[in-house]
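Two complexes are shown next, each including chain A; its partner changes from chain B in the first to chain C in the second.
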Partner chain A sequence: MNNIKVVLTVAHHSLREYCKNKLFAILIIFSLFSIYASLLVGIMAVDQEYRVLTDFGLGLMELLAFVYIVYMSAVSITEEFKLKTIYLVLSRPVSKNAYLLGRIISLFALAAVILAFAGSFQLLLLKFRGFDYPLLYHKIILLMWMKLAIICSITVFLSFISTSVITTVIISIMLWTLGHFAPETKFMIEKTQGLSQIFLKSSFFLIPNFQIYNLKDSYDIGLSAYDNFKAVTYLFAWVLATFSFSAFIFRKKEF
Partner chain B sequence: MKNEIIAKFSNIYKTYKTKKFCATRESAALVNFSFDMEKGEIVGLLGLNGAGKTTIMKLLAGLIFQDSGEILIDGIKPILPEAKQKIGFLPELPYFYPYMTCVEILTYYAKLSGLENYDDKIGKVIGKVGLVEHTSKKISEYSKGMMQRLGLAQAVLHEPELLILDEPVSGLDPLAIHEVRNLIAGINKSGTTVFLSSHSISELEKICNRVIILSRGEIVKTVSSDDWKIAGGLEEIFIRTVK
Partner chain C sequence: MKFNAILSIKNRYAFVAISGIIFLATSFHIGQNYKLFFPPPSHIKAFKTSTAGDILALNLGMRRLFADLWFVRLMQYYGTTEDGVSIYKPMSKDQAEAYGSGRYPDFFSMAEHIIQLDPYFKNAVLYSAACLAFNLNKPESAIKLLNLALEYLPKEWKYLTMLAAIGYSKAENPTKVASSLMPLIKESDCPVMVKQLVAFLNKKAGNYANAYKIYLNIAETSKDKYYVENAMKELQKMRFENKSR
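Up next, the complex of A and B:
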């Protein structure tokens, strides 16, 4: 069977699995409720209602999507090992790389589903309040998805090397947080010397720079063509690197 | 005339390593295991707990790798997709995605096995294992016996040449055991080679042409159905060999 068919079969099956999870239903209800609650914050902001309503909703969307994506990335493959459902998949003509790729694609699709769902609801709310379609809204969502895709690939890789789901999730949260402080880390590197500088410099390459995807912090200015190119290349580089490492470990894994 | 070989084990060594702090503990699971399986046979694996039965099954299914030696399925290494196309595998206590129905799960496995026009095949196999009345139920509602039948259904769905069954009757009630036994015999009659492991001597005695007795990862005896008929039963031979 050709590998593309396997990838698509695994991806479709996995996406269905994530969406059938009770946590997914809870997350969707909670995110809709939270975005709806942002109306209150917006009203309190008086003059800045539009801006606050948009930013608050986007922030919530990103946070909630991040929580579910990281959790699912941490458990999706390891759970198959634990429950031994992987036996019935890998005893068929399915290559480990195709299976892994299918799983990762399904996680990317899950991030897209969550963002599309929550984003549509937020747009409806803005329309209900009589506001226009926010500037570059689709682009903000796309960049948000790219960030989630990177952290999802990293988490899948971490799930192969860490000893528990909790460890995987904690490390992912740390990387996500540190990844938003890239300009500050750069500044610190310039100010330090010797061993500290070497340490900070190496961490700079090991931690993804999520700041390049934060259009919502500067959406009045927008992103240049170079910034767009950088964002896409950076995404591919991280996804490819983490996929290669994950595939290497997975290939050697026994069940 | 010599029969065709479907599976060949040549001098297999397999060790499991357990890491504890700085030390690594090794335990030998298979020692110099060599064995040939002919097409059309039903071969049984018999041994005490930890004898290496599941290790052999997993090696054949390409789920683990040997340290040395060679395994071939119809001349192909088990980790290759071409070899996996030829096998059907039922692990011990199979587990399925609880939110799916048996048709959905078999569709997923049919697609992974590369089957085209699988609807008819799924219908036939569901009928064969007796799950017709339970097609609308979620797997979470299935009993152990039904899970085992579904396990068999997924293993034979793509009409493999070699069926590998790890403890297929483990934990089943007598009626279910009887049904599973008849199923295996029926599958074998259609030309599929069956390789199964079991703790149940009487089961192997009823169904197998040959039985391999394993002890601590080594073959201690290979007996044919004629041998145990002369010796007064497989149990006698097994106890004499393993004690």
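Up next, the complex of A and C:
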């Protein structure tokens, strides 16, 4: 079978599997409810309702999508190993690389589905309150998706090297928080010297810098802060690296 | 097909090495050119029990959202008289007249905290500076706050206008304060508190037409019940005075 067809078939089936999961339904209901609940905070902000409603919606959307994506990335392949269902797939003419790529693409698509759902709901809510389409909204969502794609690739890679799902999830959460700490790390690099500076510098380059995708925190200070080309290149570099490392380990893995 | 070649690549060591090099080069390039937009953590002073929230704000990349939360808290703090009566509940005439003034000892620290989290939150800066300078009689604190915000937006004309108005208020020239703040109130994001202040100063200076227009704007556009009710009252009063003249 053609490799691209295989990849797309794996991706399609995996995405259906993720969307049929009970947790997915709970997440969607919970995220819609939370975004709706942000109306209350918005009303408390009186004349700043628009800003607060937009910020709360975006924040909740990202957080909930992150939780589900990380969990799914951590369990999707590991569960297949545990339940031995991976034999059913790999006993057919499906290469390990195609299987892995299919899985990763389905997780990317899952992130897009969650953001599209929650984003549409938030826009409806804003419309209902009589507000306009928020500034750069589509770009904020796209950058949010890129951020989720990076953490998802990292989590898949971690799931190959770690011993349990919990460890994978914890490390991913740590990387997520450290990734947002990039400006502070850069500030600390400038303030330190010697060994600690070397350590901080290497961690700065080796930990994903999620701040370059964090347009939701600063969309009114102008586009100049965010370079489209850089954002896409950085995403590509992270996805390529984590995919190749994961594939390398996957090939060596014995069942 | 190239894509198929990648998927069935034989030399996996070469694939890993190439992707590793691409990754390192990109990471290095992005890291080297990364600019700081926000105040570093050492510039964020914890306010009472804000430490845990501040850490979350930084770690989750949600400075803006936490600044919003602090702004809501600030408005609730200032929206309650120092006797503990909310401005949205019925209050005595004395309480109503005294509202806005007072000590509000935490006001500056709360406002400063918002700016340290999100220095680009213009509405919060203008609202806090105007309250400090014109209602709480603390122009020095207001100037300090505006200067802090100007570090991140040095060309922001709204802050410079507010600074000029504070300067006039120090010279006890209400007419100049009102005229210097006029361009600000034409902006859609101008805090309603500033609009009310300009309307009041215009009325005091005898510019009834301007004052009427501003009160009308507040009554039509604001969502704040307190300011809307006050604007309606003022409009009624001005209509009545106009008829009797």
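Rule of thumb we're sticking to: the second predicted complex is superposed on the first by the 251 of 255 C-alpha atoms of A that agree within 3 Å, B and C clash if a C-alpha of one lies under 4 Å from a C-alpha of the other, contacts with A are read in each partner's own complex, and residues count from 1 in each chain.
Keep in mind that, in the parts below, a contact is a pair of C-beta atoms (placed from the backbone, for glycine too) under 8 Å apart; a residue touches a chain by one contact, two chains touch by 3 or more.
It should be emphasised that the depicted structure is a prediction, and the values quoted were computed from it without experimental measurement.
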Should chain B and chain C be called a clash or a fit once both complexes are overlaid on chain A? fit
Does the superposition put A:S244 against chain B (first), chain C (second), both, or neither? second
Would you check which partner chain A:K5 touches, where first means chain B only, second means chain C only, and both and neither mean what they say? first
Between chain B and chain C, whom does A:E254 touch in the aligned arrangement: first, second, both, or neither? first
Contacts of A:F181 with chain B and chain C, given as first, second, both or neither: second
For A:A45, select first, second, both or neither according to whether it touches chain B, chain C, the two together, or no partner. second
In the superposed arrangement, does chain B or chain C reach more residues of chain A? C
Once the structures are superposed on A, label A:K84 by its partner contacts, choosing first (chain B), second (chain C), both or neither. first
With both complexes superposed on chain A, which partner does A:H13 reach: first (chain B), second (chain C), both or neither? first
Go through the superposed model and pick first if A:V94 touches only chain B, second if only chain C, both, or neither. first
After the fit on chain A, how big is the angle at chain A between chain B and chain C, using C-alpha centres and going to the nearest 10 degrees? 170
Nearest-approach distance, in Å, of chain C Cα atoms to those of chain B in the combined model: 10
Which chain A residues lie in the overlap of the chain B contact set and the chain C contact set? 95
In the complex, go through chain B and note every residue touching chain A. 58, 61-65, 81-82, 84-85, 87, 89, 91, 94-97, 99, 108-109, 111-114, 154, 158
Seen from chain C, its contact residues with chain A in the complex are 1, 3-4, 6-9, 12, 15-16, 18-20, 22-28, 30-31, 33-38, 40-42, 58-65, 68-69, 71-72, 75-76, 118, 120, 123, 191-192, 222-224
Contact residues on chain A for chain C in the complex? 2-4, 7, 41, 44-49, 51-52, 55-56, 58-59, 63, 95, 97-98, 101, 176-178, 180-184, 186-187, 204-206, 209-212, 214, 216-218, 220-221, 225, 230, 233-234, 236-238, 240-241, 243-245, 247-248, 251
Considering only the defined contacts, which chain A positions touch chain B in the complex? 1, 5-6, 9-10, 13, 17, 20, 83-85, 87-95, 254-255
